[in-house]
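Two complexes, one shared chain (chain A), two partners (chain B, chain C).
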Partner chain A sequence: MHILDIAQNSLSAGSTRVEIRIREEVKADLLVIEVADNGRGICGRMLNRVTDPFVTSRTTREVGLGLPLLKEAAERCEGNLEVHSEEGRGTKVVARFQLDHFDRAPLGNIEETLSVLIGGNPEVDFIYEHWVDEQEYRLDTREMRQVLGPVKLDDPFVLDFLRQDIRGGLKKIGAARFHKIMEVLR
Partner chain B sequence: MRLKELAERLDWDLKTRNVPAENEVKTGYASDLLSDVLANSIEGDLWVTRQSHLNIVAIAVMRDLSGILLVNGVEPDPDTVEKAVEKMVPIFQTRLPTFEVVGRLYQLGISGER
Partner chain C sequence: MNLEELKKIREKAQRELDLRNGEKAIKVVVGMGTCGIAAGARPVMATIKEELARQNIGNVTVVQTGCAGFCEQEPLVDVFLPGEKKVTYGKVTPEKARRIVGEHIVGGRVLNEFVFAQEK
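What follows is the complex of A and B.
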């Protein structure tokens, strides 16, 4: 949900490359979500205010409630939100959460989020990296395009394959689980 | 009143098949913040919420809640239902919003007193 919102900000900012990185550090009880793009960036004056819901929703359309809500969610889970941006170069949003905090919403359906982003913007380069400690799952649409040749990324068969690959890949690395909370349910 | 009877009178759908709802309910708690429920619910509470993910089952188990009522017609996630059935936590669903359903519960004698 949050990831889709933030990535959509990147797309509205004219990005041609969006990198989404998720790091689950089980021992450190830390979840880091990072969305970096090469869009037009946010000017210094605006940057200080992107997490203020009143300012942002009223003065621009490109940055909606995504950032203020993500900030609130992260802080509620003993984490924080950082937004780095350089005009003309791009923006990087980094949200940290306590991984096993009860108020942390699950990551949700990542394969759906990515297939919506990729299927809706087949010309944009998406890089998705997800670590659970040392284990990694990686997806890069630039590599996929080379393999696919003339077949486009928004082809329904490609998207279906993509969803399955993501689902399988994330399962393999043990991603998106509530590690300690699940012990209660064992 | 027994949970099952409340469900019948207020027309809730049971989402966890074969999980009995025979227990007597006297108190309830309404909140969507799981840490708040963990801190402020008491054993036997009926929990009214619109959160639908797996963690609600963990909270209900940890706090020994009598059941979970999902408001606004929210559907529980499939893994939520699966785990709730396994742990015998009844999950109900109502189309009503929290304020309305809590009012009706209060009229039927369910209190929020701590």
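What follows is the complex of A and C.
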């Protein structure tokens, strides 16, 4: 849900490319979520205040409660949130979590998030990379477009395939969501 | 991503595209502002797309929009059938979404009990 919300910020900032990176480092007990875009960016003065819910939700259109909520979620798990931005060049949001932290919310249904993002914005380039230690799953809509030719990215068959491919891919690399314990909890 | 598999999907989708060439397009709009997402628009969106794929309905475009100002009614879903007035459903759940696809989009019957607003 956070990822969808942050990526929506990217889209409303007029981005044509959105990169989402997730890194699960089991040994270091670290989860890093990164969303980088090439949108219009946030000006320096605003950048200091983006995680303040009371200032930002009233003064900008690009950033609402999304960032403050993500910051709180990360800090609750001994992590932090960084927002790097350059006006006219883009924005990068990096959230770090303790992977094994009791309060860490599960990553959730990432294939649904991506199918909504890609299906709703087929003209935008999305890159999704998910590592579990050295294992990687990668998706790039530019490559997909090349294969698809005249068929659009928001074609229902394509989105259906996309969801299945992500799910299968994440399972294969051993993403935390597919650990046995999560099934028990579910 | 398995690009080989994607090639097969391309062929399947291409055949479908050729079949429905000339058919008029239906549009479905899902409210995906922060309020919509918080109210559960994501599973609603996913259900609509799954249901369309499952029933092999290709002439429907599903798009997302921001907050319409009726946050308490989210998730909001607009259905535009060609030649007909817009129908807006409120407080949509995946279950309702499934029925909207089956009965309104396929069957052409408006589900009055779920309607939040209808264009006059």
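In this section, the second predicted complex is superposed on the first by the 176 of 186 C-alpha atoms of A that agree within 3 Å, B and C clash if a C-alpha of one lies under 4 Å from a C-alpha of the other, contacts with A are read in each partner's own complex, and residues count from 1 in each chain.
In this text, contacts are C-beta pairs under 8 Å (C-beta built on N, C-alpha and C of every residue); 3 or more make two chains touch, one makes a residue touch a chain.
In this text, all values refer to a predicted model and were calculated from it rather than measured experimentally.
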item: Which superposed partner A:A105 touches (first chain B, second chain C, both, neither); value: first
item: Which superposed partner A:L139 touches (first chain B, second chain C, both, neither); value: second
item: Partner chain in contact with A:F178 - chain B first, chain C second, else both or neither; value: first
item: Partner chain in contact with A:V147 - chain B first, chain C second, else both or neither; value: second
item: Residues on chain A lying within both footprints (that of chain B and that of chain C); value: none
item: Of chain A, residues touching chain B in the complex; value: 76, 101-103, 105-106, 178, 181-182, 184-185
item: List of chain B residues in touch with chain A within their complex; value: 33-35, 38, 53-55, 57-59, 61-62, 83, 87
item: Chain C-facing residues of chain A, complex; value: 1, 4-5, 8, 12, 64-66, 109, 112-113, 115-116, 119-120, 137-140, 143-144, 147-151, 154-161, 163, 165, 169
item: Residues of chain C touching chain A in the complex; value: 1-3, 5-7, 9-10, 12-14, 16-17, 32, 34, 37, 42-43, 45-46, 49-50, 52-53, 57-58, 60-64, 66
